[in-house]
Amino acid sequence: MGRTHSNGYKRVSNFFPELQYHPVLKAVCTRREDRVRAFANQWNYQSIETDWKNVISRDDIDAVDICTPNNMHAEIAIAAAKAGKMVLCEKPLARTLAEGQEMVNAIEQAGVKNTVWYNYRRVPAVTLAKQIIDSGKLGRIFHYRANFLQDWTINPELPQGGESLWRLDADAAGSGVTGDLLAHCIDTAMWLNGAIVDVSAVTETFVKERVHQASGKVQKVGIDDACIFHCHFQNGALGLFESTRYARGHKALYTFEINGEHASIRWDLHDLNHLEYFDHADDSIVRGWRTIHVTDGDQPYMDKWWVPGLSIGYEHSFVHQVADFLKSVETGEPCKPTFKDALQTQKVCEAVLDSATSKTWKDTDVEDFAN
Amino acid sequence: MGRTHSNGYKRVSNFFPELQYHPVLKAVCTRREDRVRAFANQWNYQSIETDWKNVISRDDIDAVDICTPNNMHAEIAIAAAKAGKMVLCEKPLARTLAEGQEMVNAIEQAGVKNTVWYNYRRVPAVTLAKQIIDSGKLGRIFHYRANFLQDWTINPELPQGGESLWRLDADAAGSGVTGDLLAHCIDTAMWLNGAIVDVSAVTETFVKERVHQASGKVQKVGIDDACIFHCHFQNGALGLFESTRYARGHKALYTFEINGEHASIRWDLHDLNHLEYFDHADDSIVRGWRTIHVTDGDQPYMDKWWVPGLSIGYEHSFVHQVADFLKSVETGEPCKPTFKDALQTQKVCEAVLDSATSKTWKDTDVEDFAN
Amino acid sequence: MGRTHSNGYKRVSNFFPELQYHPVLKAVCTRREDRVRAFANQWNYQSIETDWKNVISRDDIDAVDICTPNNMHAEIAIAAAKAGKMVLCEKPLARTLAEGQEMVNAIEQAGVKNTVWYNYRRVPAVTLAKQIIDSGKLGRIFHYRANFLQDWTINPELPQGGESLWRLDADAAGSGVTGDLLAHCIDTAMWLNGAIVDVSAVTETFVKERVHQASGKVQKVGIDDACIFHCHFQNGALGLFESTRYARGHKALYTFEINGEHASIRWDLHDLNHLEYFDHADDSIVRGWRTIHVTDGDQPYMDKWWVPGLSIGYEHSFVHQVADFLKSVETGEPCKPTFKDALQTQKVCEAVLDSATSKTWKDTDVEDFAN
Amino acid sequence: MGRTHSNGYKRVSNFFPELQYHPVLKAVCTRREDRVRAFANQWNYQSIETDWKNVISRDDIDAVDICTPNNMHAEIAIAAAKAGKMVLCEKPLARTLAEGQEMVNAIEQAGVKNTVWYNYRRVPAVTLAKQIIDSGKLGRIFHYRANFLQDWTINPELPQGGESLWRLDADAAGSGVTGDLLAHCIDTAMWLNGAIVDVSAVTETFVKERVHQASGKVQKVGIDDACIFHCHFQNGALGLFESTRYARGHKALYTFEINGEHASIRWDLHDLNHLEYFDHADDSIVRGWRTIHVTDGDQPYMDKWWVPGLSIGYEHSFVHQVADFLKSVETGEPCKPTFKDALQTQKVCEAVLDSATSKTWKDTDVEDFAN
């Protein structure tokens, strides 16, 4: 994720020149000096650090962006907030609800600017979905469904833990697909359709044991390989969510669909520049799902890029979030989702995992919020 | 459904001339004489009846096909079986598991030929899916998901009950989308992927009251407008099912997808001549989902129809089932799904509805079966 | 094609019971007695003939339907017309324009009811396209493009001539893809977009020699394996047409698209129940191609079939043409396309083949017509 | 295009750190000082120029990139070559074949490094198509078809000429869609399928007169609004090309398809991360078009970007060309397409326009080349 964020910071000024603030890449930090040096060189960071505490103690640094494995989020974020830094944090906010709550407390006490990288909100087609929904075109909402399907951990020889595979290690990651993938689906869902109030879930770990990269030994796998849940939204809609890393043929298939009384919308990350839209108000004989190619200047963010018909990619969502964050520094408005917003997603994730364990419905205690 | 079945009987001999037995349309029966006369005339039935008991007592009738609302299935089927008739019954088998069990008992005691119209098994693309799965190409199965989405009851002014809307009346239908739509999904799923062993479900009735056509009064709606459940299959796969009549933009979107270790398959009733297939054994740089246009002579049933590339439609699945039924009369083999097979689907439906009511997981007690 | 037509006659009364006239299958004729007997048996023809002249001389026969190879169309049609029979003829009308003209002369002199089986006009989605165009929604038309791509003759071992492969024999077929496939595209195009006034074409014969089934000898292939042409329509639109039997991966991919000032339409035979429609009048941020699933009761012919969302197939277009023909017998109106209409398509085909040979533009002399 | 190229130069070092040479943005030049200053500021150019001759005379500049309207290409490129600069030139190479030939002469005489921005070759899916074709999987090629459809000039009130609309002015652009859009299609086609040897074309100007931005007067429109041609390739394949700016509903729909004896490939710029592939060698019952999501590390260029399943966009093709250009400086190999390669495309464009004017077939005199 370091590359994705760095790219966001480096490109934003070229495409959003009207912004008042422009990011300066003061320092990059990871534990291994050779690697941080190479990375700094590649991305033109002005300095390197190998201890994150040094970053936080530096006066020339205004904002700290956390791209570590999940088990480091809380400690760094809390320290940064206490030091008065603005904090940007990769998702999920934390491994557990308790960790997340501490982070929110620290941030709020410090009163610092903050945001969490639920970047899919800023794919233009997804932002357009939000606009359409907010315009009221859908009417009463009946259904929301989303899934995030991958296939990269089917091979049982894949180890858990270690540098690139910490997502398979429960200690580092907190959970499996729930925190990694469903968290995205939940963030988008509550942004578009309001609070999820209760959940009933099932999880599965298909490969029960894997070699741990650290110990070299076969160990029990602690994460969820797959998770499915259904739920109620505060507005009365039924929700349905599924995520797995065992759906052969799907690399990163994040899709959502929302069905309203008057209209429906769906989207698919594999085809991210398009939005599907069905409007029952259309003349009956020519009514059908519309495929909107979201590349026109009057569609969200697209006045910044190329001419109509020319696609943008995954990383542009990060550029957009950087731009919106910088804008929020100008205006004083929060840059959504804030830590507090991300905590609501954390509540749902925790309820989901609890529900799967207890085989019962769980309330989420999500606060109602207008995002 | 009377038209669909009649069409099946009338066409089968033209397209399956090799069959030993050919159906003769001896009699059609409904309560209103004017309507049954018109129908008989349109479809060239040799005689009419207005009391189904007369049909069953006739010596010149070998097989009875039941296309009534669900509340009539059990009584007619049991009587027909006792009279030694072959029995073909519309799905779902019954309103309740208890009714279904009685029907199976009667059929087995009588030892008569029987089948239930889960016609989607015989859409050529679906039959091909079965062939591929049975060939072992998918390896261990991780996921099965299906949905059946419609949008025809969103209008709250639609009455419940009466001739064309008995599907909204709990007394006539037994349940809502669970028996009407999910039953199809469950039948296909267990045929393709084996027994469902437990379920956790949620149902919703979005429009709580509707005028009843019989009484003219506003009455509580007793059916489920929407139903979602997740489950475990006996083979360890996770299952996910959803059905609704409130998904604006979808008329009859029945889709399923199965993800195996080595390959995946998906299908969509709105595009019924195609099967999607992903094979991980393909060369990595040219690997992708294949869209198989199931219209070639070496694909199931397609040697009976037109030249490659030319589509068939929904009703052909009924012609295929008639052909397979007649073949089964020749061979003495059962014509799947039998009443007993359909009872397994009934068990899942009942467990689903119980789970939704009790908000707990429910075992299904489905017998393992190889279909 | 005999099966397709027979199916049309047999089904029409079940689905169009309101018609005043209903077809009776009096006789079927082919040269080989064993085969005609089997066919008659399979399709319930009342009698058989092995000499088509007998058919024409029978008093109990009102209409003659010609499904022979192209080289027999003219002789039979002319004789049938002279005998006062109604004549239905497979497409293309004839091998050459001269033959076609004679046929039209005979038909007009006899004043008999007639139609040519350009069946794709009566695929509901195509009929809907015609409705939309006639409503004026497209405005000025700029472009019309169509192609018909197949891949069944790539194998050079395939013989020419003989029973199932007469389409590869220039004597029997007249031409290759131009008469067989482009004729369909041209008929639809002129129906939807008016007369084609001039053409510039290229043809290719990829496999130059094939064994002839009759002689058993390797002979020069006389047909066009592929044909491309561009053209002007009378309304100023540019046209573009391509057909081939060497497009690996396409079985019967007939597509057309029409681009107007305000809206565009496209269609694809491989997905025949859908129509794509783009309307520039839609709100700009939610503008996109609509996929219309043409299965609703208010869409052409679909009140005759199943509930919304359920597909029909290829052969239904023939049932529709039978129904329209029978209706035209009631009303006295012509059943489009008539022989005279089909002659206009013949003119374009001839100009196309002449243009390919002479490597120059050719006028078509198509008469303007409102179909 | 200045933004697209600048973005390419700025990003290449972040994503291709292994390159020996890294671009430095020494100067940017346009005639209006206020605009060039703003642009330099936005994109971090070290200096500005308002006379291109100054750029060429500067010793600190090694490479000149030409993004002007077409009428300036020749003069600048020739001067830059004479000054010993490396030259990168926007497509089409020139307004006319004669201009292009002079440019090639100058470049070759100077012996300087050069390339032309036919960027679509370096969309990963297109590069993969080249790999597949070069592997011989397609066998003998029968058909190549491409189109480039837009809809942005339908409005007759749009002026010709001036800053953003010089593409409608024949003096500035040389031609309309032929040089602007078909040039892309032709470059890709000859790269993938070899030389085009002769062409037969038609062009149309739908809006005959437009206000000229410079004069403010209504003037005849000199460009081609639409162009269609068919052709022969040296390998015997038939080609078919179409381009227009009047295809309502298509913003930048560049598609190509190639049909070989054994396999076929197609691609679509609106969905640029996917490649469609049909392989007749697949098992017949599971044969179908494969949708390859070209985002894996073993697919062209994709080891530089994100994890599998995450899309890139239009501008990445420019980053790739910059990387390949810099690599070619290292290796001394040419960076395709060179000016000489682009001249072959120019020959086809000129033959196409001549053919349309004369209404005859024209030879192209393209030199055979292996690109």
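The chains carry the letters A, B, C and D, assigned in the order they are written, with residues numbered from 1 in each.
Note that a residue touches a chain if its C-beta (ideal position, glycine included) is under 8 Å from a C-beta of that chain, and two chains touch if they have at least 3 such contacts.
None of these values were measured; they are calculated from a predicted model.
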{"item": "Target subunit D, source subunit B, minimum contact steps", "value": "1"}
{"item": "Centroid comparison with subunit D (C-alpha atoms), farthest chain", "value": "B"}
{"item": "A-C or C-D, whichever has more C-beta pairs in contact", "value": "C-D"}
{"item": "Rounded Å distance, subunit B centre to subunit C centre (Cα mean)", "value": "36"}
{"item": "Centre-to-centre distance between subunit D and subunit C (centres being mean Cα positions), rounded to whole Å", "value": "40"}
{"item": "Distance between chain centroids, defined by C-alpha means - subunit A, subunit C (Å)", "value": "54"}
{"item": "Set of subunit D residues in contact with two or more other chains", "value": "250, 289, 293, 296"}
{"item": "Residue numbers on subunit A that touch subunit C, as the complex places them", "value": "128, 131-132, 274-275, 277, 279, 282, 284-293, 296, 298-299"}
{"item": "Touching residues on subunit B, where the partner in the complex is subunit A", "value": "142-143, 145, 149, 151, 154, 200, 202, 204, 206, 226, 228-230, 232, 236, 238, 240, 242, 244, 246-250, 259-264, 278, 280, 289, 359-361"}
{"item": "Subunit B residues touching subunit C - in the complex, by the definition given at the top", "value": "3-4, 6-7, 10-11, 13-14, 17, 38, 41-43, 150, 152, 250-253, 269-273, 293, 295-296, 305-316"}
